[in-house]
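Heads up, there are several structures right after this.
In the two complexes that follow, chain A is the common piece, with chain B as its partner first and chain C second.
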Partner chain A sequence: MTRTSKLVLRTLTAGAVLAAAATSAPSSTRAADAIPQLRNGSIGYIITNLHWAGYKTPDAKAECPDGKVNPWGPREQFKVMYPDDGKRTVMDTHFAFEISSWYPDAETPDRFPFYEAKGKYSTGLNLDGKVGPNDFTSPDGEPGIDNQLFRTIGCVENYRPPEGTTTFYADKAIMEERYNRMLIELTGVDSLENDNDVTVTMYRGLDELVADATGERYVSGTTMRVDARWGKKFVQTFKGKIVGGALITEPVAFGQIPWSSFSLPTVQKFHDMRFQLRLRPDSAVGYIGGYVDVETWYWQTMKSESTHHQSNGQTTLNSLYKVLRKNADAYPDPATGRNTAISGSLEAKFVQAFIVHPPTDNKVASAQVTAAPSQERRER
Partner chain B sequence: MKNVSRRRVLRGILNGTAVNVALPLLNLFLNGNGNALANGESIPLRFGTWIWGLGMNDVIFTPKKTGANFDLPEEIASLAPVQKHINLFTRFNTFKDAAPLMCHHTGWVILRTGMAPSLQQVRPGETIDVTVAKKIGSTTRFPIISATATGDVRHSYSYESENSVNAPEFSPVGFYRNLFGPDYQDPNAAEFKPDTNVMVRKSVLSGVLDETKSLQRAAGAEDRARLDEYFSSLRDLERQFDLQLTKPEPRAACLKVAEIKGEPSAGIDTTQVAQRHKVMTQLMAMALACDQTRVFNMSYAGETAATTKAGYDKPHHTATHEEVTDPVLGYQPEVSWFTRRAMESWAEFVSILASVKEGDGTLLDHSLVYAMSDISYAKIHSLDNIPMFTAGRAGGRLKTGLHIQGNGDPGTRLGYTLMKVLGLDIPSWGTLSNTTSKEISEILV
Partner chain C sequence: MRLQMLLVTAALMPFGWQSLAAGGRPAEDYVHVPMPPGVQVINTELEGNVFADASGHTLYDWPLKPMRVGEAGDPANKSNCTNQVLREEGGHMSPYPPGLLLPDLDTRPSCTQMWPPMLADKDAKPVGDWTIVVRDDGIRQWAYAQQPLYTFKYDRLPGDTIGGTKRDMKPGVSARPAVRNPVGPPPNTPTGFDVLSTVNGRLLVGANTALRPAIYTYDKDTATKSACTGEDCLRQWKPVLAPELARPTSKEWSLVERSPGVRQWAFRGKPLYTHIADMPFRGHGMSLDGSDTPGWRAVYTQTTPEIPSELKRQATIGGDTLADARGRTIYLYFCQDDANDQLNCDHPETSQAIRLALCGAGDPARCLRRFPLVLASVGAQSTSRAWNVREIDPMTGRFAAPGAKGAVRVWTYRDRPLYTFDGDPPPKIGDREPGDVEADGLGEWHGQRDGYTAFWLRDDFYGRNN
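Let's look at the complex of A and B:
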């Protein structure tokens, strides 16, 4: 087992993964021929939950300065910026405030304080295999977690469940909407316990999730059709291996996943995108990580969430943009030298599904696998 | 002189039209106890619903004590004057099962239909008031009356079916005209003269019905189903005309209602909503006392209430999601301000019904009101612990003044209990996890 694999496995025992790992089937049952979901060396999964990874405690004291979360939401900032003097127009005030979010400015210092996550811990992945000064430690002691996105949003109420509603709406979108139906299919699998060479292909699916009677969990074993027509751009392949029940893929240079929020179809784009998942015959839990494209992330939030929804948890995008750009830690713009991507991971939960390809689809025919870029290119 | 029917009238003919002249309501029409008419017919039971949007703050809403003489935390302190008339139900849950959570929609639909909606666009099926009206609402001029204090006709929580909503009256002036306008027959009027306009309408309707029946014979199965639905609505209309052409029973509790001439100011400031609510509740109470209906619905505010507070920039619904929870208080103070206003209006609603003397008690004593919100903790759209109330003793069939905790049982238990109390012969109510056949026995006499 390589050092990276060991690190991954330790990381995968953190947080949500812990529960899955604790109930994993014994190794003896992992042989391919004992797992009916594994057919002809292939097993599929469908996404059920997807949230930005981070370490959050109920009182925020472990991760936010003095336990404080950001109090300066859009409403609060507006009140200070535009006190009612009875003279100004809606154009001068409300419109001006709204429009400024569409032309964010990373250069001008913010007049409002912004609390970043300062704690030691975060969930996520060690993307560069190193332990740096800005890295976090996973809750179970794994150092080197690269998650500057958590540093940025970790003390923003919206991203702190249960009060923060982003998690709620993200889950709701996955259940109710279609555009964001992400499937992964593992092929060339001899064992869900250990296999040195597997291929992971991502697709966009066409079918609805099937919930159990509680509505809180999803049923495995359903049939999910691949969207081979409009979902082509999401067909991406990753080479990987399974070590001790954990899937670890190599990063691809660039990946994107279908995303939907408040019925607005969009994408999330990652440099060096990779999967690290704890596999079970009926589910998979872990992380999708990489360096998140800052502009895509910002505009997805901007376009999907109204000022009201941003105000649900004091997210002022003007302020957030400045911190996003400040904390961006990879992929410098060749012209300006400023980083364009920020390290981050999504906590992902899947249930097993039988993936059905259309007759004309040769599975990965349209996929374009790109080798990971050099370490030098990733960092600045 | 016993067993004199309250239907006793002086009959005659005027200008070729049958005329019945009523006797005034005499004591001999009532039995010795004053709780039933002399012919043994009980003072009618009424059933109503009341709804407010956006739930409550559990820490200052839910009493610590259960049973009688429960404490009134600050968010429901305004209920003190009516505490003896109401029951409060907490810790009951609603279950969406495999359906998605439809924010602000799922909760009230379950509590009023027993079923979780599958989509936001899917309207409820038959709501509880409609089910009850089929049992007790067929002998009055209106099977159901509904009103909303928001001034917004979309705030209806009464559905005949997925395709048929009972639109509420949103204007106090319109509500007055519908109830007590030109078509109103005062049950205590000395004379009864059938309305010739109604007679003409009935005549036209009879012709239409005959024509439609002949059409039905020629129609295919699908069209016949459509015509059946159409027939039902025509028969309702016919029944209404019949009632308007029959001398109504005298009603001691029925008083002359002053005409509402001016519309309260438009808007959804809480003071305006409260004013509209009060006026419409007074009209509703007298409509019940005058036996214009026996089933009623009042909406104080919609499930995403946009009611406003002077000097505060966020409407109620917006505040539930945006206001920061006060770390010291442990709740959202402005949101609680709105909830307190709703509870004040709920107390006023109960007080108005209790102020109408009827027989040996009050109109409220002969009524059963079922109140609920759409959600529990609005910020996160929680379906657990949606607060519910009842008011009234249902003619002595129900205890009041109690706080009942459900320990996670289906909230549909309350609706089921109320329907059983009202005499509906139903073995169970609800679907999937909301199915229940278990009454809340603590409130039964």
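Let's look at the complex of A and C:
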């Protein structure tokens, strides 16, 4: 077992994935041939929920300064920046404010305070296998959680589930749209409990999620077609293993997933992308993690969510960008030395699905994926 | 001159069961409704049949629309388009307050200067769905289906639809401005069918459900017999069956008896189907998954002109877009301001202030670097009314006189210049390789209010080509 594998296994088995599985894991080990969803060594899953990992308490005292979330949203900042003198022009106020979002500035100090997450705890993954001074501890005691993205957005109401509008719209986008229909297919699987060599291939699907009568829980066992036409960029392969019912993939150098909010086709890009999921025959729960490309993250946020929607949760984009860049903790730009990526994870839920490949192309070709770079390359 | 001759668009010439539009393409048939004297129906390249005034100018309405804050547009039988030059934003677009002074006030037109009302003379009488409303200034104005009618200042020739589109631009979305729509007679389809304007043409859809599924034909069918009869075919394709009392509304429509007593609609000699795997777009049409099956074709009552040969269709992560010869995605800029009259700000003859703010933080040179204009090659000529080669002053974004110093020849669509997106130098965002659509939705309210949208030719994910 590689050093990395040992570390991610430690994180997984002692971390939130295990906790999430504890309430739902099957009571006993099941052989592959006893699992009808596992056919010819293959089982598929379809994404149903995807949110940025973090830690939230009802009064915010454990994670935010003095229990306060960021109060300086667009409405609040605009009111201070542009007092009504009866001569305000559209270009000097409204569009000056929009320009600050379209052309964010990381260099100029912010006029307004920005509340970062200061607490000890966060969910997510230990990406580098180390326990550093800026790392969080998982709620169940696992140290070394790398999640500077949570440090950045953890005290911004928009990103605090379940009330935060980003959470709401993320769920809505998965429910109503199919651009972001992420599928994963595990192949070479002998057992969902232990298998030291499995392959995970990610696809984009084309079909609707099917909910139960409540409309809130998605059912497993549906058929999902692979998008072999427009989804080629999302076809990526990961090598991994299953240990104690937990899937752990090796990080790949670079990965991307389809990301949709407000009906725009965007992506999230990760360096050192990996999956850690607790597997069940009918579902999978866990994390997709890595070092998130800062500019891509900001760009899709800026495009997808209007200033109006940002206002709902006190997110002023120019302010957020400054902190995002400050907290970026990996992949320094060779020219400037500034980090270009930030550690983060997505909490992901899947239900099992039968994945149907195009009839003329048994398997869509995977995008070129290389192994993750050395530790030195991704550190400052 | 040649182009103008091609575009005498009212030529609905009988040819078999079809009429022909410009370029010899089939034209959509329509219901001949009563019209006031002087009003005519013109078949247009992009919007099918529209009403036009005696000079051939397309007529538009401006339906009242709930905005994020308040509402804008005309309620039934009343015009809110006035002679007054508005000076302030209306505050319709949260989170910004009303009362902010608009840009370029010295040249800002009034609503009626940009959208001249179609006036009715003192003797005019209502006819059919055509009525007369009295404007606040006492002048009589024609209305159709209770909506006051206007022409658009920048429509130049009969058949121009520069001012708006019938395409379903998410009318229920409060982020969208209150847009003007070309108005025309209803398509001549039997009950149970409708026609949607899309980028590719006027798409025949089902109208019996809110889903409005796309309608298809099968190459192996004949005018009298369906070849889709086996279990495998019928598992994927659903014949569009006709009720017992259904009758064709024109020679374009017929009925095919699949089995005794079971009749299937046919259009232009082909039986019709829907595809079971097409996906809805939240109430505004369906995907076109079915057209990916060899031998099956989505039905258009008429198609739009072909894209210029210098441009091409290209697959992206979100569907097919238009691209330039190097494979860079092409974008259109859309803008209506937030004043109560919701004036256009995306036409080269209108204020460019908002566009310049978005594309270059107010710096025209940066705009050109980030969003290069799509230049026409030497010798390239306009290919249709929709696709034109025009001269633009790149620093102002305005049309330039032919041969004007500094002007560049660019491709335009509906008079709007085409752009690509280079973004800022790396590592910032830009379209770096063919198929990137990074600027899609860039702007206010995801680009729906003012911003850039990729030129979608096939969008099976969000339906933005219809």
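FYI, the second predicted complex is superposed on the first by the 350 of 380 C-alpha atoms of A that agree within 3 Å, B and C clash if a C-alpha of one lies under 4 Å from a C-alpha of the other, contacts with A are read in each partner's own complex, and residues count from 1 in each chain.
Heads up, the rule we're going with is that contacts are C-beta pairs under 8 Å (C-beta built on N, C-alpha and C of every residue); 3 or more make two chains touch, one makes a residue touch a chain.
Because the structure is predicted, anything quoted here is derived from the model rather than measured.
Shared-chain residue A:168: touches chain B; no touch with chain C.
Taking chain A as the reference chain, the count of touched residues is higher for C when chain B and chain C are set side by side.
Of the two partner chains, chain C is the only one that A:263 touches; chain B does not reach it.
Touch criterion met: A:212 reaches chain B, while chain C stays clear of it.
In the superposition on chain A, A:311 makes contact with both chain B and chain C.
Touch criterion met: A:157 reaches chain B, while chain C stays clear of it.
By the document's definition of touching, neither partner reaches A:237: not chain B, not chain C.
Of the two partner chains placed by superposition, only chain B is touched by A:71; chain C is not.
Residue contacts after overlaying the shared chain place A:178 against chain C, while chain B stays out of touching range. By the touch criterion defined above, A:89 reaches chain C but does not reach chain B.
On chain A, the surface patch touched by chain B in one complex and by chain C in the other comprises residues 75, 176, 308, 311.
Against chain B, in their complex, chain A makes its touches with residues 71, 73, 75, 79, 157, 162-163, 165, 168, 172, 175-176, 210-215, 308-309, 311-312, 314. Interface residues of chain B facing chain A in the complex, by the touch rule stated above, are 95-101, 313-314, 318, 321-322, 324-325, 379-381, 432-433. On the side of chain A, the complex with chain C involves touching residues 74-75, 78, 84, 87-91, 93-95, 97-99, 102-103, 176-179, 206-208, 225, 229-231, 233-234, 258, 260, 262-265, 267, 295-296, 299, 303-304, 306-308, 311, 333, 340.
Contacts from chain C toward chain A in the complex involve residues 68, 89, 93-97, 99-103, 175, 277, 279, 282, 289, 292, 315-320, 338, 353-354, 357-358, 361-362, 427-429, 435, 437-438, 440-442, 444-447, 449, 460-462, 464.
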